[in-house]
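Two complexes come next, and they have one chain in common, chain A, joined by chain B in the first and chain C in the second.
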Partner chain A sequence: MTRRKILSPVLTVAIAFLVSAAILGITSHQPRETLRWFFLGPFTNLYFLGNMLATSIPLIFTGLAACLAFSAGVFNLGLEGQHYFGAIIGTIVVLNVPTSKVSSMVLALAVSFLVGALLALVPMLLRVKLGFSELISSFMIGQVFIYVGDFLLNGPFRDPEAALAATRYLDETVVLAKILPPSNLHAGYLIAIALCLMFAFVRRRSVMGYEFKMVKGNPRFAKIYGMNVERIWLLAMILSGGVAALGGMVEILGVYGRAVRGFSHGNGFNGIAVSLLVRNDPALIFLSALFFAYLESGAEIASLMVQTPAEIVRLVQGIVFCLVTAEFLFSRGERDADSIA
Partner chain B sequence: MLTQLLRSSISSALPITVAAIGASFTQTVGKLNIAIEGTMLVSCFVSVYVAVGSNSWLLGVTAAMALSCLLSLFVWLVHRYLGANIFVVGLGVNLAASGLVVLLSSTLLGSKGTIFFEEMPRIPALRLEVFEHNETLLTLLSDYNVLELTAMLLVFVSWLITKTPLGLRMKAVGKNESVARQLGLNIDGIRISSFIFCGLFCGLAGSMLSLPLSLFVSGMTNNRGWLALVAAVLGGDNPLGVLGVSMVLGFSVALSNRLQLFTALPAEIVLSIPLILTLCVVLIYSILKTGERGRSP
Partner chain C sequence: MRGKTIVQLLNVQKTFYPSGVKALKGVNLFLEAGSVHALLGANGAGKTTLVRILAGEIQPDAGEIFVDGRAVNFRTPKDAMRQGIALVHQNLSLVEELTVLENLFLGREPRRLFFLDKKKAERRVKDLSERLSLIELNKRVADLSMAERQKIEIVRALMFGARVLLLDEPTAYLSENEEERLFELLLGLKKSQCAILFITHDVNQALKIADRVTVLREGETVLSEETSKLNVQRVIEAMGFRSSESPRARVKIGEELLRISDLTFKSGKRLVLDRVSLSVRQGEAVGLFGLGNDGQFDLLELLIGLKKPVSGRIFFQSRDITQLPIRERRRLGIAYVPKDRLREALNLEGSILENAMVNVYREIPFAKFGLLNWTLLQRHIHDMLKEFQVKTASLAQPVKTLSGGNLQRLILARELFQKPKLLLACRPTSGLDAQVQRYVAERLQQLRSWGCALIATNDAEEAFGLCDRVLVFSKGKLKRILYREQLTGPSVLVSLVGEET
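Moving on to the complex of A and B:
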């Protein structure tokens, strides 16, 4: 990243902070107290700090998932559905198939990966075979399966003893190890970062990474050159959906211990911004995920300590989305505004 | 029963149609605006809030249209002058809108849930006395409110617009930007006007959802913006095509409303029915289209 390229995301982050501070200041009854908790809350003790890091784990996964799709020049707007539904199915399968401790964890991850990959594959097939934009169909298919997931949790697989729509708890041995108890930080953090670094390496050093780059840069040229563009698009989408779902499963294995209705609360969507904020550089995704987690934890702590509506986060995240691909300091005209990253 | 279903299909289809035609203008100039879900949601809120505050539905609709026009222009300006990706900005507006309306309704009206407005000004509706003796025709053709009538008029107007020089220029810009530029067209001006149309239409579409019911819920648009996008993409740059697709989608919305009322289907499944039916429409339409392409040499 050159210096000018760094300045743009920094400016985006700064504007996001200013706007959130302004909104909090206007809507809150005790603006000073609120702002203090919002900005400094996550650092006041190890518990809040660990929770903030834990909040960033699913975002790293979905950020990587978005990055995978963008790297081949396709859009995956179904991340939320893949993240949510994949994890729910993974949980349900493990709850109903008796296996040993290690194998049930592998089973959960494998099943969720497959389900997520399938949900992402369908919209891409629509694009490749029938020419309908994956942008809209991936969102709609994802949305349908969020409803289906809600239905499963509220209906057939609901734990009758639970007060909210959720499955039974997984066996206590089938959870990821905690790193910084009593906070939620768990071993999934390491898995997430390992996956990111792996993709960073693959992208830079392997034939597959080169193919991704070619297809993204100019699909027509890549096709004339003899590459199977459709296959690469499908592969990128499958990996994207799979990783998004893995993120959901890891979240359940590490934090919730069961599938709870609405546990993904926008992580899938935010993955897109997480990836774009660092210009789709997989090695830096953990940083932008941390920024999003910081916003979220700050707002959560602020709404806990002084009553503020937690919806502010969504507003601020939306603003980040609007600015995240903007280039504040570039000379106009040279770039194609439609290219991603 | 069937006529009532048809009638409610038309009523459900009209907001989708209007939003879809708005989106299809931006699609025509090659810059599909995917922020219409959020734009509609904001318009939903603004129209009822202003209408109740000023005791005039007309002011409510005007305010909603003005604001949604601004939002639509915002998308365009951030894309054009800050070089942001237009889809990502669109997502951002959708996300911000969903947070904003909850924030506004909880600070201005003190509730995050469903809000009913008691003193909502009545929206005039056109009753056709001619069909008084015929129950079926009366159900189908009478009692459309002013907003719905405006929507029907707008479909016709936008069909006319596609025939005007402006409409043809929009098409030219979308088909080949560099040729259009060499022909001396004002590309920025044409694109801005398409986004203004999009904003106005989405504003009306949003008010059509909330004003007649005189209530507001934060999930009010319920993915209708995305259905409209599908209609815009499938219908292409022909407003009548968009109308056709929207009618089918409107039917699926009406059907899911019926099912919610008259069967014991779980709410989650009922909510997903319009989306599933829309995906089926996409599938059938795309298969037919590729079939056509395959046959012609």
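Moving on to the complex of A and C:
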């Protein structure tokens, strides 16, 4: 059982590598060079390595966010909207409220957390009060707010001097400290990992972690034995949405310095796969986020060095996504078959 | 009348991993057309495992299965179904959101010429359902009783040409009336040359309707004989029980613990409980009896706080608890054993420890500053399970590795170890063998020296065996109260239900 638990993600990853190699081999004019840059590029120098780690930061946040919801047996498919919109509002508030350096950082994080939490709370309230599926409503509400965010960036809060839809730059002092310059790696990495480890600890050792697990396993059971199931679901969603938005804000504070239209490019959705790849184990999320970031960085480097179209990389990522989902479903069925009546 | 052998099992063995439990150590069995075969055994003897193998749900490690004299190897339930072998589950497997008709076709919709086949099938359903006095086909399964659901399962199997029916404890959820009707149905099926294997705990029942009885004990066939050559004593001995009377000593009756006044409950428009009032004192074990779902189970759910009454009040130790949430009620000393053991009383994805600690985990010293002290919890649960004789290899194992009897011990231990003042229990002895039943009775007896119990059931025997006062319910109304002197036997209860008072 344990051996299979380790072996099956490894196998998934191996297949993903083989498939991506095959596709690149077929589509590229210089397959050998492309493959070399794709697989080894991120490790050739500290700059590439730092950028790869930086790419994994928002994925750790959204992966953790997905994991938080899964841990209590609910689904948050609105991660993308929460990630994107929460960060945009955080940025706008800080741009328009004069404060000192430290407090504006805290303000930005707090506001984005609250906005993300709110976007996730609404669908869960709909489920608890009216019985709507949170899976669908969280997705739809999330999607709506992506466009609301686009509107804010393109309309009222657009920097007239910018060539693209984006806000003004935040004050230069309101940024997260860089690690390993000139790469993009910043202190957000440490925040992300700290949050993951914190949740891993909470799951294993705390009353809340136990209640999450029982509610996930059998909500009826949890209710009969005195747990406030609805409150636990709401809490899980609030934390999930908040952490997703926090990831967006950290990305802006650490990399962009302002909210740019489309900056989240799929981090929210990828978060779900990031969490599933390690079977929702928060202590391992940074690894699967790194794997996703590795694929992305390798692709970027390859296209930079050998001109491989970026679309091919998205294709490869899509394939990994499918494999991960399939593996998840497969292991589900297996668990059921083990039972003794 | 007796037909040829359809199914034969030779030396079938099965070990479960990772627990290493040897469920079957070598079982032999044969099923003949046109006969009823009863499979008996204590909890954990391997009965359920055996029928699951026959139905293709799990594969044996060793041994052979023959159908019509040919060796077969079932990899999936579909393989078994193709040979006409169908299993009717103990924990019924219908989809609650769908209607009866939809359930009947579920997963086996005719693939070719759908509409023609459907017509034929509908006629077939109708023939069968008349024999079964089946409910309307368009009713949602969620609204049906256990007995009705079971009938649908049987019809479903027959519709698709089953000639060997495996019934896993078909009578566990049935009232006596429903039981009788089920037996009539089985006798009818027997005439049409079906082979029927049914699992039961009840020796009398087995001898009454079976043509042949096989007894399993610790995964081995210890007895397989024509019913005519058997008597109750021999079968009970083979199962490994000593016969004894259930203990029922006089207890001193103390102060009033629970009082309910004019409690009314509705589910949608349906009146489930109609102005029920009652009072329970310390030392009492009070039965709430109805033939089916007559509101007795809903009453307990109202008392623990799972449902909210439309009107009426609940007082516990003179305190109005009508509006208190479940957790608060439990903290006052009210314990609850739900009706559905697997779906309500356990988290099957969790470990034994996680399931056993659910009533204590948030109390000091087990939880401090929101953190759990696993070492203390483990020690506490270990002591608890030891005192209540729950046999486990390790607390970290999944709870579903425990046998049915051990699960019920665990569920009771969890409540009684807290020394509750009021125990609310739904069918505490249903589906258990005599040994575990006696165990439950003893524990309830102990409880009465410091608290009281309310036991909801649709099994007259259970109400008679465990309680010294029985309230008889019919369609949500409290019809009659029977005191100890009037409780001469289970049949008294059943005969009273129809009467007006």
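Before moving on, here are some points about what is shown:
The definition used in the following text is that the second predicted complex is superposed on the first by the 323 of 341 C-alpha atoms of A that agree within 3 Å, B and C clash if a C-alpha of one lies under 4 Å from a C-alpha of the other, contacts with A are read in each partner's own complex, and residues count from 1 in each chain.
Here, a contact is a pair of C-beta atoms (placed from the backbone, for glycine too) under 8 Å apart; a residue touches a chain by one contact, two chains touch by 3 or more.
Computed from a prediction, not measured in an experiment: that's the story for all the values here.
When both complexes are superposed on chain A, chain B and chain C end up clashing with one another. Contact with neither chain B nor chain C is seen for A:Arg158 once the two complexes are overlaid on the shared chain.
Look at A:Ile312: by the touch rule set out above, it reaches chain B but stays clear of chain C. The partner that reaches more residues of chain A, of the two candidates chain B and chain C, is B. When the shared chain is aligned, chain B comes close enough to touch A:Val144, but chain C does not.
In the superposed pair of complexes, A:Lys178 makes contact with neither chain B nor chain C. In the superposition on chain A, contact of A:Phe221 is made with chain C only, not with chain B. Within the superposed three-chain model, A:Ser206 lies in touch with chain C and out of touch with chain B [touch as defined at top].
Using the contact criterion defined above for the overlaid structures, shared-chain residue A:Leu135 touches chain B, although it does not reach chain C. With the complexes overlaid on chain A C-alpha atoms, the stretch of chain C that clashes with chain B is 95-103, out of 5-13, 77-85 or 95-103.
Applying the stated touch rule to the two superposed structures, the overlap between the chain B and chain C interfaces on chain A comprises residues 339-340. Chain C makes touch with chain A in their complex at residues 16, 18-19, 21, 23, 48-49, 52, 90-91, 304, 306, 325-327, 330, 336, 338, 343-350, 354, 358-359, 361-362, 367, 370-372, 374, 400-401.
Residues 23, 27, 75, 77, 126, 129-133, 135-137, 139-141, 143-144, 147-148, 150-151, 154-155, 266, 269, 272-273, 276, 309, 311-328, 330, 332, 335, 337-340 of chain A are the ones touching chain B in the complex. Note for the complex: chain A touches chain C at residues 1, 205-210, 213-214, 216-218, 220-228, 339-341.
Remark: chain B residues 34, 74, 78-89, 91-100, 102-103, 106-107, 112, 223, 226, 229-230, 233, 266, 268-269, 271-272, 275-276, 278-279, 282-283, 286-287, 289-290 touch chain A in the complex.
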